[in-house]
Each structure stands twice: as structure tokens, then as C-alpha cells.
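Submitted below is the structure of interest, expressed as C-alpha cells.
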Amino acid sequence: MKTPRIMTWVAAAAATSLLITGCSAGASDTGGDAQKKDSMTIAFTAEPVNLDFTSTSGVAIPEALMENVYESLVRLDGEGEIQPALAKDWTLSDDRKTYSFELQDGVKFSNGADFTSEDVKYSYERVQKDWKNALKSKMDIVESIETPDDSTVTIELKKPSNTWLFNLTSLVGAVFDTEGTDDLANEAIGTGPFAIEKFTRGQSIDFAARDDYWGEKPSLNSVQFKYFKDAVSASNALKSGEIDLVSNLQAPELAGEFQSDDYQIVSGTTNGEVVLSMNNAEGIFKDKKAREAVMHAIDRKAVLDTAWAGYGELIGSMVPPTDPYYEDLTGVWKYDPKKAKQLVDEAGIKGEEFAFTVPNLPYAKAISEIVSAQLEEVGLKAKISTQEFPAVWLDKTFTEHDYDMSVINHAEPRDILTVFSKDYYIGYDDSTIKELADKADTGTEDEYISGMKKIARTIAEDAASDFLFLFPNLVIAKSGVEGIPANRVSDAFKIADLSWS
Amino acid sequence: MNPTPTSAQSPSDHVDPVALDATDATASAKIRPGRSRRSGRRANASMIIGAGLVVLIVGLALISFVWTPYDPTTIDPAARLQSGSLTHPFGTDTFGRDTLTWVMVGARITLLVGVVAVGIALLIGTPIGIISAFFAKQPWGMWIDAVIMRANDILLAFPALLLAIIFAAVYSPGTGPAMVAVGIAAIPGFARVARSGTLQVLGSEYVRAARASNRRIPAIAVVHVLPNIAGMVIVQASVAFAISVLAEAGLSFLGLGTQAPTPSWGRMLQESQQYLSTHPELALWPGVFIALAVLGFNLLGDGLRDRFDPKMEARGA
Amino acid sequence: MPENLLEVRDLTITPAGADAPVLHDVSLSLAPGERVGLIGESGSGKSLTAQSVMGLLPEELHARGQVHLQGHSGNLLEANEKTLAGLRSDIVSMVFQEPMSALNPLMRIGDQIAEVLRLHGKAPRGQIPTRVLELLRDVHMPDPDSDRFAYPHQLSGGQRQRVMLAIALANSPRLLICDEPTTALDVTVQKHMLDLIAERVSAVEAGLLFITHDLAVVAGVCDRVIVMYRGRIVESGSVDEIFTAPKHEYTRGLLASSDLEATDDRGRLFTLKTALAYSGPQIGEAEASVDVREPGDLRDEPQISTRPDHTGMSVAGSTDEDSVRTTSARDGAGAASVRDDHRTPSVRESAPLIEVSDVTRIFRGRGLFGRRRSDVTALGGIDFSVAAGARLGIVGESGSGKSTLLNILSGLDRPTTGHVRVGDIRVEAASSQALRRLRENLQIVFQDPFASLDPRMRIADIVAEPLIAAGVDKDERAARVEEMIAAVDLDQDSLRRYPHQFSGGQRQRISIARALVTRPQILVADEPVSALDVSVRAQVLNLLTDLVDEYALTLLFVSHDLGVVKHLCSEVIVMRAGQIVESGATEDIYANPQDEYTRRLIAATPSLAEALTAG
Amino acid sequence: MLTYAINRAIQFALSLLVASVVIFALMSLLPGNAAQVALGTNATPEAVASLEAQYGLDRPPLIRYLDWMGGMLTGDFGTSYVTGAEITPVIVDSVQVTAILVIAAIAVSILIAVPLGTFAALEQRNWIGVTISAISQVGIAIPNFLAAIILVIIFSLTLGWFPSQGWMAPIEGLGGFLLRLVLPVVSLALVQAAVLTRYVRSAVLDVMREDYIRTARAKGLTKTKALFAHGLRNAAIPVITVAGVQLATLLVGAVIIEQIFVLPGIGSELVRAVANRDLVAVQGIVMVLVLLVLIINLIVDILVPIVDPRIRNAA
């Protein structure tokens, strides 16, 4: 009867070894007591797939790294004004084509290397050469980069551009160390106030304050970004005190539960315009009348209230209030179901269904329910088909343009020109605004602003898409937290200003 | 050694099928005529309750085609998140839609999911189980049986979730792909039950008698095997129904189950998760009705199995 | 302390929810050391009586009355489970009928015996292992040291029953109750077991309450006999009184139908109905020609049928009685034909219908863990032939290879070597088509009436199945099914019923109807009556004989019961461990058996007459 | 014994091979690819094409399959081109988290189901038995995510006994580890216990009708003692097989609980990998899952003969 005995040991050994090695499993979450005054745990929803925003797009990576680990020459303050960062000061040549930056001195990378103009030249040329992220097109305008000495960099543009300096504040302007770019996916070497102590993919990122930071030392010396796929878990974690701050609550109805004095609710703006996009190039909405009918059929206030519990701002165009060329165009298309019905008849639509593709994201699904109901009342029958985001929506709707109507939050800063360019999924006929945009970019500051305003108004009047609302930056935190960035103007979620009262 | 049947040669002249002389009358001590009569009464009690519940659920679904207190699709932002009242007995959801209406209309989808998923698993799993058992009986068929069973294990290893994700991606998320995925994931269960039941029946003397009187394999499978394993398969079906309904609810958690704006209890349950502490009744009603449906099908399953074979389980071959 | 060992007064048992009790005011008593036999057929309530003494009645039965045991004051029926448990295997213990499933399959034999010693603390802990060995030796286990570590499935039925006896007698109880302890055993093993019980009971000086349906067994073991019928004690008395001058007609009926040597004038066995004509066991060899003929006049004797009519569920009307067949074409019941000639119709000189020469069947062993187990030789080279119309008896105990032989003859299996010819088909080389033709021509009646009928099919479909396989069209099928059901004395409305609504005897009739519906040339009966009550056995055997005559069938009758084979068959072959040890005419084999094994087999078969003369 | 081991090993290898082909085929069905996902909403066709080249997605399927299989044979599931990290350590880590969670859940459900089921069988006649089986019927109908949320609200938010989410490895703090394990394990165990109770009840009912229980009572054991001494071990066999199946299905079934309690389990890893169309990672994870299920089946096949000598030395 020996044999079974051996087998029992085999089975038992297998099970126990599984358990023992389990001890080190997922040893990531230093959790610890969130109450300590010099550390903080912040909840996010979209988790970064890796640390390399040069080849992977999306909000998550810059949100964690920009202005915390990587810094650019210039940065945006809360009101969207460009402020000095790694560049102490800069001058613009008369023909507005050449910028020469005077660099901060005594700056070190987290791997100890000194920050010199060489790093700037290397980083920005790399954008043009090696980057996969499409945002690299913002550097196409750069003609040449010279480094007269260690602390000055002169960059010459092909033609004057108002937007270039602004673009520099985004992730495109991030400065890398010449030796710090071989494993960007797993490690980030930057000049910022924090260095990455531990990156546990899909779970959390732990930042540690650098004592050799060139600028003002942050008040917290350890911060953890914890990623919650489920909004309710995040809010529960805040309620039970395990985390200190929820960066952008994806379930606005839960905000109501934090109306007490030991919590604070901060509702600011983001660059994310929630767009009810229509396929202008083909299908039912090629005809402008049909698009106008949609503009009149949607009661945007009701959509905001029911879909996102009223958080967020009504905007009439693709421009957030924090942009210089913002103009309140909510009045262009009034909610007028009768007129909408009339337009539907004029457009000859007899209730045939059109494809309304909805990415399976919380805000999109909620919006689709109320929008389809409102459209139904005016005779526009929407056939909703949810698509897995990002993979299927990007493939079917974004790349193959196989849709009539969709709804998505365009979160990139100042993306009006890219979103409404000809070959973009909306398929907007941008012939009219094309040369307006070039003139604005190369013109003076004022010409730039008036030009961009004109473009925004034209797009709105063409009813290319219905701008439902501006996605809110709904931050909920413990009452003791200070320095919370109200508006999310740039890519970054700056943690250096955070502190305990 | 091929032992001749040494089952008891004691007198088994069964005096009276209802008489209680249990041990005395029977060849094997397993016959409990008394028990089956008593359990007979409890069996059809559970069947009546079960059938009652199922009729209630199916009734709800059918009525919803004809009449519902409110139109499920109209959104009334003013009436958001009301709790139970005369106008809205079950209260309203985040879009101001009447929860009672949604429960009624949701019954359709939930029943559809349960029935289709179980149907797929039953119609594919059971024959596989039977065929595999028939092969197991042939000396050369051992390997085929082993292969089928190993394939069954692999299918068991494939998470229903992965199938659901793939189907949802290929055919766009919705009730259809979710049902099919859940159904396929339930096949191994049915195959296993059918195989063990068939093996038992094939070992019986009445099958030996049938083979002795020249009945062909397919005839034996239909005439003898199917009726005798029906009891076990029914119980498996009632359990599978419960699992399928809940799986669909789980999938909607990942955005893969029934999509907006079609109402389904699973999705209502999942979406009410956010309001559990403020508006618990949003989760209460779909949860209660899922429980009733599952309870109904389980009790019906048990009742049918008992009624279906009053004597069988005592005389297991 | 009542001087009686066991005192049962007015014991009445009613099932919960039913009004009619199944046991009516049973009263009996047992003196210390006395051996009493409790006889009755299934449904008579004999087991319930025993169970109420042990306190093992199923929950849904309510017992009223008094049960007192020497060594325990108070009525056992009122005692709670805890006190009853204390008594069991201490003062009173019981051996059950089914040895195969009576022991815990997952526990070694030694531990199961040690448990009963530990429970009652009779033997000090240290001595328990030696006591266990002693007990195993007492019950003549072949090798106590290794048996101690064996698991139940590694022992034969007989050995397991011995272990049960060891357990029951471990604490030397005052009373041993045996509920059909040997019914499930082979004849030779049964003999040893009975001797062992007698020997061990006297060694422990315990009283014995022996429950059985087999009169011959009781005659050998007990001094006093109590006869129970449908929940009542109908008669009791010493063994001689009961067996030679039974007062109650049920007892007489039981005696008549269990005596396989006596036949009525038409060569048929006596049944409950025709019991009056029975003149007691053939003490000597005197030719008792029976002159009393009363075909058909059923006097108003009690409705003695094991089918009490009052229960609504039972099959109305169909009688188990052996209604005298007046319509059959055979010659009238006529003179008392000499007993043996009706069994040997004229043997036509043509070539034998079945020829088996040098047939072996070896099963290649394959263990679950891939380990090769030794090959098993079920048949080790057998030869015999059967003439058309003959009735061949195949006798052998379990493991003798008779079922393997049947499988080969009926085309369900092929021999490893040698050849078998049935009619014009050579089984070992036959194509599947040929085998199908063979099976149409040869049908089997199986042993277990409960397992050989599909519980979910109506009787009409069961009987019609062979016809469907033979491709007979619907109407003709219906007609032939009706005809067959009548032929086996079942009424037409039983066609719509299900098997569980019939008694064992009736089910065996259905099985016979199924076998004969395709008019086969050969009928194989695989222990058709061994699972039936004595009274029913006679009726089924008579039916079988009638039908074999009527349809001029060739009969292969397999049984381990020599008495039945002796009555029915003209030739017999005796099989042991895959070999034919002896074959020839039934008369010669019984008169002077050549082979040692046959002699032991005949000796071991309990017969009423021998028991009385010896008693 | 040796032939059995070889036999099982062959079956393992074949099953894994078949599973790898099936999963690879399924993955190629998936619309959208990792490059598109990586470049998101501001991708340009050229950028997508060049990234696909970098990821090696443009190579013919057969070569990609062989390349992946080659790596796997050496225990290296390859590097995920999406996350740029080695897949094997990620899988090993997340499998252990789920293994601990699921084994604990099944253990708890066995601890609940065996006594409850036995009691329901013993008392099946009176109301206790009926209520238990009714509760177990209803128990089956409660989805585990609903149970989880209710538990969090009660025990974490209102009572504050347990943290509401998060995972802490045992070496980082046994207390933290256990505290974070309680609620997820209980929410998983509730439903499984309800299902298992039904199986235990019917297994015990069958055993109670066996003759050797009646023999045990005849030996002097009361009804309940006879059941515990002899019955339970016999009832264990069907329970082991059911628990094995439950363990197998929970490996990924626990993903929802992993998301609610933010546990880095294999289920969440799988969902994330599929969402990012990180096909190499998905294939690696599924292969590990199939291997785990085969191991569970092997353990069940080893346990059953240990319990039942009849099967051990074969018919």
C-alpha cells in the first residue's frame, strides 16, 4: 500500500509550496498607514500599461510622469499661462522663428547625470526621429536645435508658430538624459522632484521625493498612485481611510456621499470635451440638415444632469474655458425638438436606424441611453452597439470609420485642429478652416487667438459634432489635503504642490 | 474471474408496491417504497412551488410584451432615484425609469439567457457524454472516451470569461455573445453528468436484454439511455440555469453582458452597485427576482426528477 | 427479570400516514439458549419484528406493544437511541442478509471488528488485537493474520458473512438474530455458514432467532418454528409438528411449493393453490401416486395469494394462482404420468442443435493504474452438445463460468479459442449479421426481475422490443404482444403499466413473454427463479414447463439450485472454475454422482425430507 | 505506477498542446491589435504600421506561434511587447495571489458546507433540514459581487473591522495580509458553500441508506455517531470531485472579486491583457490556467483512490 502514501506527499508538497512562494506574491503595495503626514495615496482609474509615452499614447502615463519625474523647458500654471521650468528665461527672435532658452543651472537627473543643453537637443531630435506617439507631429515645425554652450539652447522653427511653445508644455517637451532612454518602458529618469521607487504594473506606482531636486523641495516625500478599475471600490477605500484622494471619480453620483466636513469635493475643468461625434463623410449624417436636427434634438443640460450627475460644464465648441481662444458658443444650437423634427422630415429621414457605436466606458454608456431616448422623440432611431474600449472602438469606429454616430471624450489639450482634420474619424471637411489655422499659427498672438476663435465658431456652426459638455475634474479628498490642482490644464497631475494642512 | 451475478437470491416477491415492509420484501436493502411515497409528497410540493415561481417569472416576461406600467425607454430626469411610492412601486433608477417596468422587461432577457445557455450546454454536452460513455464500453473505444474527456477538461479550463470577451469583441458586446459563451462553458458539466449516467445504464441488465434482442446502439441510446438519465440531466440543467443567469450578471460587470439600453436583471444589479448605500432597493429588486427565478428552476428541477423516476433512484442498476 | 430471554407482546407496526398496520399484534417469546425459526415470505413482517427488537426500525414506522430483553428492564420500543445503542452487540446482536454491502468498504476488517469490542469495553484495550485474531479464527477465516488488514472488497461473500458473524458474537451476546444470513450465498458456502452459526451460538450459549423463507434451512438449525403470513403469526410449534402435520393451510401451501421433489399428477410442482393434494415430503422412495385430482375447483380456501387485493396500487385481478390450463392444446391433465417422462420428450435423432467443442474464454487483465493484472480464465476448454427440444441444466456456483458460457451462446461474446455452433451459425467466426440472426433464434430470461426490465418503459413496449428489432410491423406486433401476455397468464390491462407496479413473479413472467414473442428456437434461462419467493417460484417454473412444451423449445436452464434443475431438466452439466466436472442424464447424476464436487453440491442442497429424517 | 505516471504525463502534454493551438487561434480572431491600442485616439496609420512592425505583429501567424511555443518550452512566456516587461514573473505573481484567494475560499466553503449539508441530511425530515436546503437554494442565487459589496458596506465602512480593498503580501505583514483576505474569501465562499451544501446533503443522504451504516448502528453506535464514524469518509468522494471542479472554475471566476477588492489576481491580469490586446500575455496566462486545471484534476485523481481502497488496487 506504499504508492498512495508517496502520492499524498506529492500532492501536499505541491499545495504547500504554492502557498509558501505565495508569500512574496504581489509584494507591491506598501500600503502602510496613510495617516503619516509626509506620505499620501491617490486613486486613479486608467492605469499606465508601461512608462514609455514616446511609444504608448493615452492619458495615464503623462498623468503620472509629467512634472513629477519628467520636466519640460516650460510649464502651464493653473490658469493655462506658460511659466518657466527647466528654462529660466527665453527670448524670441524678431522673425518669431528662433527661440533661445537660458537653462537652469545645477540641475541633476535622477541617475545623477548633469542636465545640459545637450540633453535638450538629444531629447527633441529624438521626438522627430524615434517617437511612435503621433503627438510627435508637434515637433515637425522645428528646423534645427543648436547648443552654443551648456546652459543655452537655440531652437529655430521652419516658420513662426504660436502653438509650438504651448506644445512644449506637454509631454512632447519632456527632457530625457542622453543615457536615460534605453529602457523607457520600465524606468523613468527625469529631472523632476520625484523618482520612481517602485512600479507594479497594473496596480500602483510609488514616488519618492528626490533630495537633490534643483527646485523647491515638495512637502510630501512619498506618494503612491493606486489604480482602481472599479469606481465604487475607490470611493469605499476613501471612506474607510485607506486612501487620501480620488483623482477623478468615475461615478459622480457617489460624490454626494462625501458632503461632510471631513472630506472636500473639488470640481474643476479638464481638457476633455465629451463629443457626440457624427460621421460627416458618409452615411445619414453626411447631410448637414440631419446633423442640425441632432443639434436641436439634444438637451445637453439634461444629458449632463442624468449621465454625469451635473458635474462638468456646458461648452458650445471644442475649446475648454482654460484655452486662450475660448468663447461660450453654447447659444449656437438651442434645444428645440420641434425644429429638430421638422429638420428630420426635411432631410427625408423616415425612421431608418443609424449605427450609434458606444465605447464601453461609464460616461459613454450613460450618455448613450439618454441621447438615444432624446433622438427617438424627434424621429431619429439610433441602433446602439457597444464596443470594447479601447481595442474594438479604435479599430471599428476610429480607424475604419464604420459608424454614423459615436460618443467619446477627447482628452488631449488643444486638439481641435487634429480632431477636425480631414482624415480623422469624424471626417469633417476642413477645407474652410485649413488656411485659417495656418494663418493663425504663424500670425501674432492676437491673430492666433482671433483665428482660432473663428475656427471654433465655424466648426460649431457646421454642426460637425455636438459638444455635450466638458468632462469635469472631480477630485474628492480628505479635508486635510491641500494644493489640489483644481483644473487639469496640462497632461500632468502635479503632486509636488500636495501637502497635509 | 468473470463473477456470475451474485446479487441476492432472496425472495423478492414484492408484495405490494406501497407496502412498507422494507427490508423484508426486497432483494437489495435499497428499496425504500415508504420513503419514496413520503418524498413523493414532498417532491411534488417542491415541484408545485417551483412551477409556481417559474410561471410567475415567465408570466412577468410575457405580460411585459403587452403592457408595462411605464415605457422602459423614456427617461424622466425629474423622477431620478425615487424610492418605492404609489406611482413607482419599486422606485426609479438613475435615469428616472420605473424599476418595476425594468424588472418585467428584464425578465425576458434573463429567461432568454438562462434558457439559451442551458439549451446550448444541454444539447451539445449531453450527446457528447452519451457517445463518450458508449465508446468507453468498447475495448477499442477506450481511447476515444479518454480523448473526449480530456477535451472536456480543457474546455473546463477555458474560462467562460475569456470566451465571453472574445465573442464580445468579435460580435460586439451584448446578450448574444454572453449567452453563447456561458452556454459553451457549461458544456463540460453536462457531458460529465450524461457520461456517468449512461455508463450506469449501460451496465444494467435491461440494456443487456435489449442487446440480446438485437437492438442497435442508437436505438438503445434513445429508448433506454435517454429516459433513464433524464432525471440527472434535469437537475444539472436547473443548477446550470442559476449559474448562467449569475454569469451574465457578472459579465455585465466587465461591460460584456447585455448592453444599454436593453434591461436585464444582471445589468440592473451591476449598475445599482454604486447606489447600494444610498438607494439599496435598486439592487434589492433585481436581486430578489434573480433569487426567485433560480429558486423556482431548482425546485422545479428537483420535483421533476422525483416525479420522473419515483422508483428509479431506489433501484439504481 | 423475565425468565424468558426475549418477550414480544402485541407488537403492531403502522407506517406514518397510512391506516392499515403492516404488523398485527405479534407476540412471541424465546427461552434463554432456545433456537427459534421465523418463517414467512416477503411482506410477512418477519424482518420488521427482528428490527423492532434491535431498535433499527426505519423512522417512518411507528411501533406499539411491548418488547423485553433479559438483561434490560423496560420496554425496548420506548427506549431512546442512546440506550438501544448500548444494548446492540452487547446483549442482542444481528447478522444481516446482504454480506456484499454490510461492511464499510473503506475500513479494514480488523478495525471494524475492533470497533465493536471497543464500543462495549468488554475486552481491555491492550488485548483487542489478539481478541480480533481469536474471533477471526473462531469463524474459520482462512488466514486471520492477513485477513485482518484486508478490505471488504478483497473477500468473498461467504468470508464477509463470517466477519459479520464474528462482529455479532464478539461480545458474547445473549441473543443472536439472523435475518436470512445465507440467502445471498452459494449452496456449498451456505452449508458451512449454517453449521458455523449453530456451532458458535452454542459455544456462546446464546439464544437464536433465525429468520428465513427457506423451510429446509430452518429445519436443520432450529428446534421451534413460528410461521408468519401478511403481518400475523399463523402457526407455531416444534419443527416436526410443523413439517409433518401443518395445521394452517398457508403452512401447508408453503411446504408443498418448497418441495421440488413432489409433483402433482400432471408433473407440475405443487403451488399454494394445489397444496391440498400435497401429501408431505417423500420420506422414503415410495412411489406416492397422488389420486386426488381437483382441476379447477378452487374451494373457498383463504385468498392465499401474495397479492393482497385491497391495496389500490396492485395489479387488480391478475392471479398468481396457477390457473389450471384447460384451453391449451396439450393433451388433458390425464393420468398421473410417471414423473420423469414429461421431462424427456422424444429426442429426435437429427444432428444436435448446439455443439460446443473445446471452448475457452480468457479475459486479459488491465488494472486502473496501468498495472497489468493476471489474465482470468473464465472457460478452460469445455465440450457439450444439446439436441433440439432437449432441456439442459447448467449447474455451478458463482465463478464457475456459466454466465460467460451464456454470453457466448447468445452471441453477446466470442470464445477465445474453440468453436461453437448454434443451429447453422458458427459463433466464433460469425459476422455481425449472422450473430443478429442467431440472436433472433435464441432468447434469454434474466435472473433479477427488478433489473432486467427498463423501469421507464411500459410493459407493452418492453415485450414488443425484440419484434421492433426484427422489423415486424406495428399491427402484427400488437397482436403478438397481446397473445404472449395472455400466454404468461397476465391480463391485458397490465400492458399499459410500468414494471415497478408488478411483483417479482409477475415481472419474471413479463421477461419470459419478451423472450418468447419472436418464437425463438432456443430459450436460455439464467437463474430465472432464484430471486423469487418459494410460493411464486413453483408457479413460474410450471409456466416455464408449459411454454417449453407448447412452443417445442430447446431449454438451457442455468441455476446454482440443484433441486430446481432436478425437477426441470433431462440432462445436466456441472461446472466448476471454467471446467465441466460432470455431465449426463439428471437421474444418473443425482443417483450416483461421480465427481467429488458434485457430491458435495448435492449434499449441501438443503432438502426438507433429509432435514426431517436427520432432525 | 510508472505507466500511470507516463500515461498522465502524455495526456498533460497533449492537452497543453491542443490548448495552445486553440488559444492562439482564438486570439487571432480578436479585432483590433496592440499597436492601435497603444497609439490610442491620436494615432496615424504610419505610426500604427511601424509599431506593428516593432511588435512583430506583421510576421505570419505560424512563425509567431512557433516563436511563442519555443519560448514557452523553456518556461519563458516571452516579453509583452505592449508593457515591455517579462510576462513570466507577472503570471507567477498573480497566479499565487489568486491561488491563495481561491484555495482559502474553497477551504472555507468546505468548512461551511460539510457540517451544514450533513446536518440538513440528518434532519431532512424536520424544519431545520428544510430551512438549510432552502437557504442553500437561495444562496446559489446571490451573485458574488453583490455579496462582496454588502460585506464591504457592513464590515469595512460601517464596522471598520476590515480594509475595503488592497492586497498585502504575507511577508510584508501577516496581519495586513489576513485582514485584506477575509472579505474577498468570504464573498467567494458564500456562493460556493451554497452549491457544495447541496452536493454534501445528497451524498450524505445516499450514504445514510447504505447497509454498513445499519451495521454500524447494530454494532452499538447511535445514528449520528455511525454517520460520522463511517458515513462521512464515504461521502467525501463526490464532495472532493465537486470541490475540484469549483476550484478550477474559480481561478478566473474570481476576477470580479479581484476587481472589487483590487487584488492583483490572474483573472484581472487576463482581462487587462485582453483589453490591451497583449496577445502574448493572454496566451501565456491561459496556458498557465490550463496547466493549473490539469494539476487540480490530477490532485483529485490522486485523492480519490487514497480515500477509496477499492479504486486504489483496481477491479
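By written order: A, B, C and D. Residues from 1 in each chain.
In this text, a contact is a pair of C-beta atoms (placed from the backbone, for glycine too) under 8 Å apart; a residue touches a chain by one contact, two chains touch by 3 or more.
This structure is a prediction, so every number in the text was calculated from the model and none was measured.
Looking at A-B and C-D side by side, the one with more C-beta contacts is C-D.
Mean C-alpha position of chain A lies 87 Å from that of chain C. Put simply, the C-alpha centre of chain A and that of chain B have 47 angstrom between them.
If you average the Cα atoms of chain C and of chain D, the two centres end up 52 Å apart. The geometric centre of chain B is 21 Å away from that of chain D, both derived from CA atoms. Counting partners per residue, chain D has 1, 30-32, 149, 153, 157, 211, 214, 259, 305 as the residues that reach two or more other chains. Looking at chain A, residues 3, 232, 388, 391-392 sit in touch with two or more other chains. Multi-chain contact residues of chain B (touching two or more other chains) are listed as 29, 32, 165, 169, 273, 276-277. Of all possible chain pairs, the ones that touch are A-B, A-D, B-C, B-D, C-D. Residue ranges of chain C in contact with chain D, taken from their complex: 54, 56, 59, 81-82, 85-90, 93-94, 96, 98, 101-107, 115-116, 119-120, 151, 153, 164, 167-168, 367-371, 373. The touching residues of chain A, when paired with chain B in their complex, are 231-232, 251, 253-254, 256-257, 302, 305-306, 358, 360, 365-366, 368-370, 372-374, 376, 384-388, 391-392.
On the chain D side of its complex with chain A, the touching residues are 1, 30-33, 36-45, 47-48, 50-51, 54, 82-85, 90, 92-94, 96-97, 99-100, 103, 149, 152-153, 156-157, 160, 163-172, 176, 259-264, 268-269, 272, 275-278, 295, 299, 302-303, 305-306, 312. Those residues of chain A that touch chain D in the shared complex are 1, 3-4, 7-8, 10-11, 14-15, 18-19, 21-31, 47, 49-50, 52, 55-58, 132-135, 137, 183, 185-186, 200-203, 226, 228-230, 232-233, 236-237, 239-240, 242, 388, 390-392, 394-396, 398-399, 408, 410, 412, 415, 418.
Chain contact summary for the complex, chain B toward chain D: residues 29-30, 32, 146, 150-151, 153-154, 156-162, 165-166, 169-170, 189, 239, 242, 246, 249-250, 253-254, 266, 269-270, 273, 276-277, 283, 287, 290-295, 298-299.
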